[in-house]
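Notes follow the structure.
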Amino acid sequence: MATNQEHTEYVLRIGDNALILGQRLSEWCGHAPVLEEDMALANMALDLIGQARMLLTRAGALEGEGRDEDRLAFLRTEGHYRNLTLCELPNHDFARTKVRNYLFSTFQVLLLSRLVGSTDAELAAIAGKSLKEARYHQQHSGDWVIRLGDGTEESHRRTQEALDYLWPYTAEFFAPAPGEDAIAAAGIGPAWHELEQSWEAQVHPLMVEATLTVPPRTPFKSYGKFGRHSEHMGHLLATMQYMQRTYPDTQW
Amino acid sequence: MATNQEHTEYVLRIGDNALILGQRLSEWCGHAPVLEEDMALANMALDLIGQARMLLTRAGALEGEGRDEDRLAFLRTEGHYRNLTLCELPNHDFARTKVRNYLFSTFQVLLLSRLVGSTDAELAAIAGKSLKEARYHQQHSGDWVIRLGDGTEESHRRTQEALDYLWPYTAEFFAPAPGEDAIAAAGIGPAWHELEQSWEAQVHPLMVEATLTVPPRTPFKSYGKFGRHSEHMGHLLATMQYMQRTYPDTQW
Amino acid sequence: PAYVDEFNARIDAGGFIEPKDWMPEAYRKTLVRQISQHAHSEIVGMLPEGNWITRAPTLKRKAILLAKVQDEGGHGLYLYAACETLGVSRDDLTEALLSGRAKYSSIFNYPTLNWADIGVIGWLVDGAAIMNQIPLCKCSYGPYARAMVRICKEESFHQRQGYDALLQMMKGTKEQREMVQDAVNRWWWPSIMMFGPHDKDSVHVDSMRWGIKRISNDDLRQKFVDATVKQAEVLGVTLPDPALKWNEARGHYDFGAIDWDEFWSVVKGNGQCNVDRLAARRKAWEDGAWVREAAMAFSAKQAARKLAA
Amino acid sequence: PAYVDEFNARIDAGGFIEPKDWMPEAYRKTLVRQISQHAHSEIVGMLPEGNWITRAPTLKRKAILLAKVQDEGGHGLYLYAACETLGVSRDDLTEALLSGRAKYSSIFNYPTLNWADIGVIGWLVDGAAIMNQIPLCKCSYGPYARAMVRICKEESFHQRQGYDALLQMMKGTKEQREMVQDAVNRWWWPSIMMFGPHDKDSVHVDSMRWGIKRISNDDLRQKFVDATVKQAEVLGVTLPDPALKWNEARGHYDFGAIDWDEFWSVVKGNGQCNVDRLAARRKAWEDGAWVREAAMAFSAKQAARKLAA
């Protein structure tokens, strides 16, 4: 049987991905290359923040210590965030933003597709609501990856660089996490390594279409979902937590 | 007679300039165009942080509410910082960094030269210790402004842009601040507008030597020293205050 | 000639002019100027609010703010589209903005300094915008009027959300109430100035005649002041104008003299954020050039492939 | 020939080789490789610590950290200067670093994740560096030996400061103690690896013969472990190695097996920060190109003016 803590952490991992990537995407607002992308990026950030709200609320309920979405979102210290490192990396340029969105949303679609059948009925309901959004993110970012990869010489170079930079961080998606087998056995959700093959099967053909080369796997490891983040995370949190840290116990 | 509060605020204005510009300069560390400048910028940041420590300590003592340098540096909300807006502006490029340092340190040298004769003996002692540092900052940044202004076409363009961008913020140096006349009458320090002529008399010839054009004065006003900052300040504080906000009442 | 008479008759009857109708060149120019200025305001207006998205104090507030800023981008889109029906491309309009030739609402040259600014922008700035814009829903140019209907609806929603956020803060801690008051102090006069110069100093008489503008600046401003004073009372904030008081005889609130020097100074580029706002838009545009080029190159390739297939 | 004998005799007598002295090409190359690698380590090493300057928890700690990072820049300068006595320019060395041809210490490819990392880097990383470097103060190449004397002195100061910061934190709150333990857990093994491969796997026998390296990797590592265990006890932290225990017979601490796969993986570029560190250095170099060009152009102008005068 999955323990309550394992269940909580499993949901936190999914919720923190949405929270932290949502935070990153929201940085684009007002600074995108075309107005339609200002709106699309804000829209995706909004979707992700919405998912984070539901998932963190669920995690807080499972934990049973009275922490609501905001306490979890804003008042943990760095080591307690469970998001994939990929989600916290700086946006850098538009290419890296889009390639990341594609790599992540492809993963998310696979995960949510499984979670709609979760024995955790609330999680299943959240997954059901989120799946359509994730599919749109995947479609939208995939189209951009193709367009940029097969666009100009510069866009190809930038997109290939983005893929080279981000690819090593995708190994973390599928690294075994503590308690996952119990979670899977309890029918709460898949162990994430179960998704690896399907993910690769979708990503590779799209990269071919985008005229991009998927780099070989290396021994590089990242550990965000285990609570060991990159140096970028602390800076993101300093900004994100500012109000809650400065004005504790305040209603907004 | 100057009130205690006026005296405190006067010292805070000087201390916060050092604190906030020191914070900005420290962002360069490891990212400068040449190793010597990595060191020089760190060194100047260090000087300024050192000055901030003495000045905030003095301000805290004058205030008499038990706030030490760190409570003042890290635990005020934005509207209570009294630094010139110029000091909080992002570094942008090396040209803007150097032009700012020159404009500010020229002002600081004039101010500290007067403060060494302050009737506030502690303030006088701090000014005495800081003056040599400020002179070095002025010399070093002035040399760079000339070098960049009279260097290549690109460096000239960037340096002129830096001057055009920063110049309007220098009006704030000399804007009358509440209580300054009483401070001047009490011999604590000059009203800052007293320094304007000497400042202009130094800055203009150097800009000529640097082949730069000083833009005309406009009605632009900034209000940092009155506690109304630019949008950049909040982001600077989010980072700078992070540890103290996250771990209150902790000794380091 | 006949088409001039027809145009004038349509205007006088309160009907709509549509893109394919004949219209005087000055009418077209006035519309392009006004609609594009409005569009630019929506786009530049994303920046002061965007400044707080990453620091919103709760997830709910972050979501509301994101949705709002996204709506503003949408307003920009409708309005650029309305402009395009008058034969000007969005790229040309953007270049006019970035070069400083085109204006945008001066209100966005003020900084957002604390979280309450977000609520106050919703309440006062969007509130003033709505006052200005409701008459435009009946303006004589069809595409503009229809865009304004949709925009006004969304803006009213934003205004209510802003006001609600402030109500919540006023029920909170002393620090929160101070934030709200501080924000109101900074935004009140600039909001009042959003209605533009006094009627006696206003130069756009043609706009009135053509049914683009239907109510005068001073009338709109008075309407805004009258509505806002009561809301301020409910909120429990003080509007920073000692001259503000009810005038029984006029049936309106009197208010103090507006600092037109400040108004013109900001219009002319000397506001606190004029330089930073344009720099941010320019950077976005320049940094994004390669993306736009890539999208065009890809489209061309696709088209060529289709042709070859 | 005579100069070879003289070189060897000088080395054997423990004397110094100076820049103008004849030296074997392989000796020169080994020195350039080692000194430049050391210089690069100082420069790249500014990044993980620099990451915390803007967030240092007190002004005193910020000042200490700034001074430390500034010292590291200084060490880089001495070392590049020592390299230049061997006929290689600093720009060439920089290009070698940025292109990935030259190495720097792998320890700087680990991230600094909490404030205690700054103290632990001082204590363990600088501590290990000092162990490695003290013998170099007597190395056979004069300029390198003299640079190391100065560097070791400053590093010892840094180490003491780092350790003091940790002592203060261990006297503090539970959260602070957890930070220290977390940092120790992450930095212990990488510090141990700083001494390089086991002697049996080490390829630099020439360095020993030439008096560049005077003590073996394993001996230095043992010395470091022995010294550090006691400091850890005083501090009250647990070193993350269950095999660590006093061996009465050896008169040393035994310790667990080192994960050489990880070591080589990081050396080969797969550490957590390899890519970001080089990218940061490259960006600084590229963004600064116009500054260096301007400085040269100005110098040239000045020289021309002097000539003309």
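For clarity, chains are labelled A, B, C and D in written order, and residue numbers in each chain start from 1.
To be clear about the criterion, a residue touches a chain if its C-beta (ideal position, glycine included) is under 8 Å from a C-beta of that chain, and two chains touch if they have at least 3 such contacts.
Which protein is which chain? UniProt says A, B = Phenylacetate-CoA oxygenase subunit PaaC.
Keep in mind the model is a prediction, meaning the values are calculated, not measured.
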* Structure fact -> Intersection of contact sets, chain A vs chain B, gives C, D
* From chain C, which chain is the farthest off, judged by mean CA positions? -> D
* Asked: Is the number of contacting C-beta pairs greater for A-D or for A-C?
  -> A-C
* **Whole-Å separation of chain centres (CA-atom averages), chain B against chain D** => 35
* Structure fact -> Two or more other chains are touched by the chain D residues 55, 175
* To do: List, in ascending order, every residue of chain B touching at least 2 other chains.
  => 77, 234, 238-239, 242
* Assign the assembly's chain-to-chain touch graph to one of these shapes: line, ring, star, complete, other. => other
* Those chain pairs that satisfy the touch definition -> A-B, A-C, A-D, B-C, B-D
* Within the complex, which stretch of chain A touches chain C? -> 19, 23, 26-27, 29-39, 42-43, 45-46, 49-50, 52-53, 56, 69-70, 73-74, 93-94, 146-148, 150-152, 154-155, 158, 239-240, 242-244, 247, 250-252
* Footprint of chain B on chain A - complex, ascending -> 77, 234-235, 237-239, 241-242, 245-246
* Asked: Quick one: in the complex, what on chain D touches chain B?
  -> 43, 46-47, 50, 53-63, 66-67, 69-70, 73-74, 76-77, 80, 115, 165, 168-169, 171-173, 175-176, 280, 283-285, 287-295, 297-298, 301
* To do: Name, in rising order, each residue of chain C that touches chain B in their complex.
  => 48, 51, 55, 111-114, 175, 182, 186, 261, 265, 269-273, 275-276
* Spell out the residues on chain B that touch chain C in their complex, using ranges where they run on. => 77-79, 165, 168, 218-222, 228-231, 233-234, 238
